[in-house]
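Chain lettering (A, B, C and D) follows the sequence in which the chains are written, and residue indices restart at 1 in each chain.
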Amino acid sequence: MPHSPQEKKKVLARVKRIRGQCDALERALEAGADCGPVLQQIAAIRGAVNGLMSQVMEAHLREEFGHPATSEQQRAARVAEMSGLIRSYLK
Amino acid sequence: MPHSPQEKKKVLARVKRIRGQCDALERALEAGADCGPVLQQIAAIRGAVNGLMSQVMEAHLREEFGHPATSEQQRAARVAEMSGLIRSYLK
Amino acid sequence: MPHSPQEKKKVLARVKRIRGQCDALERALEAGADCGPVLQQIAAIRGAVNGLMSQVMEAHLREEFGHPATSEQQRAARVAEMSGLIRSYLK
Amino acid sequence: MPHSPQEKKKVLARVKRIRGQCDALERALEAGADCGPVLQQIAAIRGAVNGLMSQVMEAHLREEFGHPATSEQQRAARVAEMSGLIRSYLK
């Protein structure tokens, strides 16, 4: 998950970008960069990880709620699951 | 929003609790409390505000997706709106 | 803490402002405001609480490190305490 | 920064671990893992990035305040810089 090829591609592209940011951070640390710029790089990685989390949750929402539920039970189960994900990761 | 009386009651109870935590923090500051306990109180307020945000988003999810959409268009609009809320506040 | 009268005054003013934001949120909820604006108000409170936490930590830093330590032991204890506060609340 | 060989080694080890977590996440996504476990992995990365940020700020604090300032001016400059870092990244 996400299952659609386009969503998967976009999520994977973001993960690769975060790894690239880690590589750049490693080089900066090896080169003895100052604390200020190093913290800026880490803050950028933190922002990218939050963006990735949001992207995966949005893809999940689209996949779960983008088509009608086949039963009331399924609808209730979807809502309960999505609600749990919001509770767990909105912080 | 949230519109159901129970949801509204629960949300309001949480807001009142946060205000009570602010009152306690004010008293601690007036009394010259140490930095450590003051930061603990502020962190508790931060946690409570995050909990409130999650509660409101979950209530919105239940109200929007707890019953079938009347059209594909409405379904798509609901998903787009919820997706925007996740993107804005998951950080 | 913070102990200087000006710092204390500024911190207290911020706590009062957060309480005022809670009052406004309560009124909005009572009036049945929409989910979007309610979440915006909650996000503003979250930002204000983070600002308050930062302000208290900065005041503590100024009070602890704004004048020379009287011994190596005191210096080490100050650094260890401040380090613990950063570890606990930077998240 | 951090400049001491041990601090640098510990920070680099953490960056490498985060990269390893990104690799594991990429494999899970390629293998079509479910949304729940994927979000757990992303949350673990977010926690690790916050831990890294805290570690770098703590190392900076030790390096800046672990020995006496040579002048009042230097002390004030150190406090102002550290204060700015707390304000920027405590959120």
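Criterion: contacts are C-beta pairs under 8 Å (C-beta built on N, C-alpha and C of every residue); 3 or more make two chains touch, one makes a residue touch a chain.
Please read all numbers here as calculations on a predicted model, not as lab measurements.
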(request) Name the pair in B-C, A-D or A-B that forms the same interface as C-D; by residue number, over half of the contact pairs must coincide. (result) A-B
(request) Report which of A-D and A-B is connected by more C-beta pairs in contact. (result) A-D
(request) Determine the centre-to-centre distance between chain B and chain D, using the mean Cα coordinates as centres, and give it in whole Å. (result) 28
(message) Counting only Cα atoms for the centres, state how far chain A is from chain B in Å.
(response) 21
(request) Quick one: which residues in chain C touch 2 or more of the other chains? (result) 50, 53, 57, 89
(request) Quick one: label the inter-chain contact graph as line, ring, star, complete or other. (result) ring
(request) Spell out the part of chain B that touches chain C in their complex, as residue ranges. (result) 1-3, 8, 11-12, 15-16, 18-19, 22-23, 25-26, 29-30, 32-36, 38-39, 42-43, 45-46, 49-50, 52-53, 56-57, 59-60, 85, 88-89
(request) Give every residue of chain A touching chain B within the complex, in rising order. (result) 47, 50, 53-54, 57-58, 61-62, 65-69, 75-76, 78-79, 82-83, 86-87, 89-91
